[in-house]
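We call the chains A, B, C, D and E, going by the order they appear; numbering starts again at 1 in every chain.
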Amino acid sequence: EQKPGGGTAHTSASVRIAAAADLKFALDDVIATFSAAHPAINVSVSYGSSGNFYSQLSNKAPFDLFFSADIEYPRKLIDAGHAIPDSLFDYAIGQIVIWVRNDSSVDVGSLGAQALNHPSIRKIAVANPAHAPYGRAAIAALTSLGIHDQVKDRFVFGENIAQTAQFVESGAADIGIVALSLALAPSMRDKGRFWLIPLDMYPPLEQGGVILSWAADRAAARQFASYVTAPEGRAILKSYGFMLPGE
Amino acid sequence: MSLLFCDIEKRFRGGPTIRAAFETPADRFSVTVLFGPSGCGKTTILRCLAGLERPDRGVIRCGDATWLDTSTRAFVSPQQRGVGFLFQDYALFPHLSVGSNVAYGLRGLSRAERRRRVSEMLDMMQLSGLERRSPRTLSGGEQQRIALARVLVRRPRFLLLDEPLSALDTVVRESLRRELRQLLISFGIPCFIVTHDRHEAMALGDQLMVLLRGTVHQSGPLDAVFSRPANTEIARLLGIESVIPAKVVHADNGLATLEVEGGKTRLVVTSPLPAGQSVWLCIRGEDVSLYTGAGGTTSARNQIPARVISLEHEGPVVRVILDGGFHLVALVTRNAAADLGLQPGAMVTAHIKAPAIHVVPR
Amino acid sequence: MSLLFCDIEKRFRGGPTIRAAFETPADRFSVTVLFGPSGCGKTTILRCLAGLERPDRGVIRCGDATWLDTSTRAFVSPQQRGVGFLFQDYALFPHLSVGSNVAYGLRGLSRAERRRRVSEMLDMMQLSGLERRSPRTLSGGEQQRIALARVLVRRPRFLLLDEPLSALDTVVRESLRRELRQLLISFGIPCFIVTHDRHEAMALGDQLMVLLRGTVHQSGPLDAVFSRPANTEIARLLGIESVIPAKVVHADNGLATLEVEGGKTRLVVTSPLPAGQSVWLCIRGEDVSLYTGAGGTTSARNQIPARVISLEHEGPVVRVILDGGFHLVALVTRNAAADLGLQPGAMVTAHIKAPAIHVVPR
Amino acid sequence: MDWTAIWLTLRLAACTTVILFFLGLPLAYWLATTRFRGRFLVEAAVALPIILPPTVIGFYILWATGPRSPLGQAYQSMTGSMLPFSFAGILLASVLFNIPFAVRPFASSFAAVNRRLVEASWCLGVSRFQTFLRVVLPMSWTGILTGLVLTFAHTVGEFGVVLMVGGSIPGVTRTISIAIYDDVQALNYAAAHRTAIVLLAFAFVALCIPYAIQRRALPL
Amino acid sequence: MDWTAIWLTLRLAACTTVILFFLGLPLAYWLATTRFRGRFLVEAAVALPIILPPTVIGFYILWATGPRSPLGQAYQSMTGSMLPFSFAGILLASVLFNIPFAVRPFASSFAAVNRRLVEASWCLGVSRFQTFLRVVLPMSWTGILTGLVLTFAHTVGEFGVVLMVGGSIPGVTRTISIAIYDDVQALNYAAAHRTAIVLLAFAFVALCIPYAIQRRALPL
């Protein structure tokens, strides 16, 4: 096994995490409680796009644990031999909502999906379905709701779910389909209203993680991964708007 | 009579202050030469007249029009002044043909009329046939004439020439000097010419303005300034070769007898100065005639026996350095030097006519 | 005797081809003047000698050392040639003081020794006291001497001077001309000087090389070249004023009698040419003496009655244009002109000594 | 090859270049000729887009042109449409972002024109504007060409700003650089490589033009 | 304020600037003096990073230095560590990406040095290298300063390449621009604004320095 990594000193109790951007608030909270419980283990985290992390991990980026927004990426990493095959775990299921700003005249709460068809709507922000799992989910939901073809000309695509949220939040787009976890985030919570798209409208957004094959301290990594999937972690994730696998 | 009146002051930060006050006729031919050493402000004055530089203080009036008045903030742009400016490097437009260069400033005329005027002007300047050439491919003398044609075709009220010959090599320069004066006469408009070459000044000018360190030190008709420089500095600048300290020992009705300092030599000059006055004597090399053997009768009042110290060949003339109790320089032609058998150590008699000695009180 | 041998050819794309072949002593004082009109290749030859330009073909040898041989691809860098080059604009380093400029090329010496040499050199050039000044603040003449000091302090084997005086204004130029020659003599090393001013060539040189369109057309001792130009073009370049077409009508033991074309005037010259030969006659203005009234006995064989057409003042001399059946130019001093009462229309006799007329077959 | 994206990118680059030709020339001429002592402030402002991260610029442009900003509202009341997520929006962003790449070569080639020629023209009675057209422009065409090529090529390669303002709408705001990015994100590396190679070749050839024409290195 | 990111960024910018000072000077001098006919190809290559999207460059640098590339393997066998995701890695990327911002101002100021002065120095027996140090360098310091300031400031503002190669590891590769980006991604706009304002002010002040010193308009 090669020993990759840059200038960071490897202590026996250190876990470096690459995490999907939508986990930002939830995972910060999980780490805080984890660190309080395990002061010997030093956890650091970088957030970013899962696609970027995939390219970087294919080049042995120095992370021990990868929390992807889409379980497909960890699977591919295992296939390519970059991750420990039996370490794959799913930790949450993302949910999507239709979100409008507070100053919007669209009553999204009562209109539901039909809000997208409201005459005042000119631009609908959606994550890019070509590579963002939330985008794919949004398209699938609109298709099964039967309004995809009526609204698709008004789509604008965010590079990821965070940029999609930024499009609506800034008012540049009138309405958007974003992750529930972002709609509940501190900076979005008070600025807008949303309608939760029923889970059966789109295939589940399985978010999975994996331990990388070059992880220096697999025990610590496993310890953190199991903390996230254990009841403490699940409770926190749930409070940030994630469904949990098996619920 | 229409006049060009100019009284300006231009300051450069960290540089000298340049002042000029003069008046010249604005409606008939005359060539005023601005003469002075490098950096004395000649170009700056020309640029102020053209409107390319704004004086810090002053007035320029041309006939009835006020071109500049800093007190009323009046300023007429270069475009409106109708002045022709010939730059030192000619400033021909390299991307245009000779014909287009000459036609460049002709606007508001029909095409045919414009073409007629251009070819007329090129004929006049003996430049026909060059219309389609690029200025880059032409000799310095041709370029100069094209630049002049480009300016003259607009029939300017004034012509300003900044060292018109200095970009040429000496051979061409000397032959064009004569041509240029003829050309200017044929156009008959008032001209200002900048030069630091006194031969050029003599060859081209009628009026002379001598500039030193940003100030006009002397001006007047060319002959007057050359034969009566206001002080030794101007005298030296204008090419007076010998500047000799002396004292008036006897004054008599416009004729003064002087004693050269440190020597026993006495000279007679035409000067009204009183006895006891200390002066500089300015004697030009070309005003000193040399004789060998017994001197016959001559009109020259001063006949000074002298020894030849050295000879310096300078083109057609020989500069003879003499010791006659003081340092004296004579200019003679080469064959005169040969005829006289001049050699270092030879004895000669230097003849200097009294009116040829210029006296500057000190 | 150590020689500098040079036989080179340099082609510029789209420009002329420059050729030079000559040989000069490399171990004692002599000044070779490269003379020619602008663009004839003077600077290029100097740069080839210094190693700044690589000829396309040729050989340069200095004593035993081969500096360049294109056939063996030998090339000695400018650094190794030990040649001093004085650039036209002096190329002083603006970011260094005068002292540092002069010391710039002195390497491998102790500090004290370096300082000693620099101050010795500055003394010699009368530049002491300027050590700490910036070159920008100095006059052109001072800059020239600093550049010369910077070169001479390294005791070069050769000195190459590219128009050493042309960056100066005329007043300074004329006075420095004399000084420069004295300075070069005092250093006693062989020099090449480029100039296009024939007065400068005369004042500075021993040997003259005349260049035209990239080729050395004539070379030899200064006097010889000036008094015997190889063809009319060189004659005109060197300042011969009258070039007259004529035909030999009678030849007699080195003396030839010629008839000027289109006129009845006959002239006697020293020339071995046979009767019937067409020639150009070259007569320099300074070799024509003018007399009024009855001519006494004189050594001049040619006495031509002529009418004054015009007078042109050129500094200390007057250029007199004469019609004597052909166009003739005489140069006389100003007071000679006054004494003779020269006026357009006046009749004079022009005396020309036979050996002073140069004959070029055509 | 994503021909829609290529066509859109070329259109965007062409429009940006044309606009910066007309906006950049006067600004550059002012910079090259003014004696205003605060000129260096304007020069620094012009150069800012070289330094700031494109995403930061894009982020602020999005805010400044959104429907809640005065500019966005003014545009909307005039045209009835919105700036962000439209071709006009990315064009605006692209023009702002490319200012230095046009203006700096323009200005330095103007500054290299012999001032004597300009003054000669004035003295021949030709107005300042006509002098600019008849003397300055023809004499600085290589510099102008450099500026235009840099602008065009840089727009083709631009990514961050357009990503922030554009919303990746195929045929409207999804340029070639964004297409590459999307392909990389979708792990579609083969397509990304293909497009990137084309982009690289294009950029290289485009850059060769001004450098090959200009004999001396740029102003150098 | 994220002081770790600021400190890292300053360190990265300083190292990049120092390296490009030593690498850029000879390259620029070669460009300014060579008579090589294919010089324009090198010039175009030097200018490429201006044009290519940073993420594309970053993507290729990542692959070229990754553990599966020969370069990456060589580096790893020599140093025992990996280039990507390390300070050395983003430094390499940043140096490559900044080449034009250093080399172009350097080269244009070298070319502006009067060749006569260089030749005068040669004729005084001073070697080419010594001439460069004693004449060319001191006479082109404003151009060199411009290049260094541009490089430093541009590194501070750089985003795409470092993100791709560095992976946003706090204290190692998370520079200030990436911090802004992360803040924006986290919808933490207030923090992003604060940092962006500081960055803007810094960039503006930095750019003012060379422009204020250099009187004439600058070449790019």
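Note that contacts are C-beta pairs under 8 Å (C-beta built on N, C-alpha and C of every residue); 3 or more make two chains touch, one makes a residue touch a chain.
Quick caveat: nothing in here was measured; it's all calculated off a predicted structure.
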Chain C to chain D, fewest steps along touching chains: 2
Shortest contact path, chain D to chain E, counted in steps: 1
Chain B and chain C: spacing of chain centres that average the CA atoms, whole Å: 25
Interchain centroid distance [CA atoms averaged], chain A/chain C, Å: 88
Where chain A and chain E are represented by their mean Cα positions, the distance between them in whole Å: 35
Set of chain A residues in contact with two or more other chains: 52, 55, 163
Where chain D touches two or more other chains, by residue: 181, 184
Which chain pairs touch, all of them: A-D, A-E, B-C, B-D, C-E, D-E
In the complex with chain E, residue positions of chain A that touch it: 2-8, 16, 18, 21, 24-25, 44, 46-48, 52-53, 55-56, 58-63, 160, 162-163, 165-166, 169, 182, 185, 187-188
Chain E residues within the chain A interface of the complex: 59, 62-63, 66-68, 76, 80-82, 84-89, 163-164, 167-170, 172-174, 182, 184-189
Touching residues on chain E, where the partner in the complex is chain C: 114, 116-117, 119-127, 134-135, 138-139
Touch list for chain C against partner chain B, complex: 37-38, 140, 168-172, 174, 177-178, 196-199, 202-203, 236-237, 239, 284-287, 289, 312-317, 331-335, 353, 356
Parts of chain D lying in touch with chain E, wherever the complex brings them together: 31-32, 39-41, 43-45, 47-48, 50-56, 59-60, 100-101, 104-105, 107-108, 110-111, 150, 153-154, 156-160, 177, 180-181, 184, 192, 196, 199-200, 203-204, 206-208, 211-212, 216-220
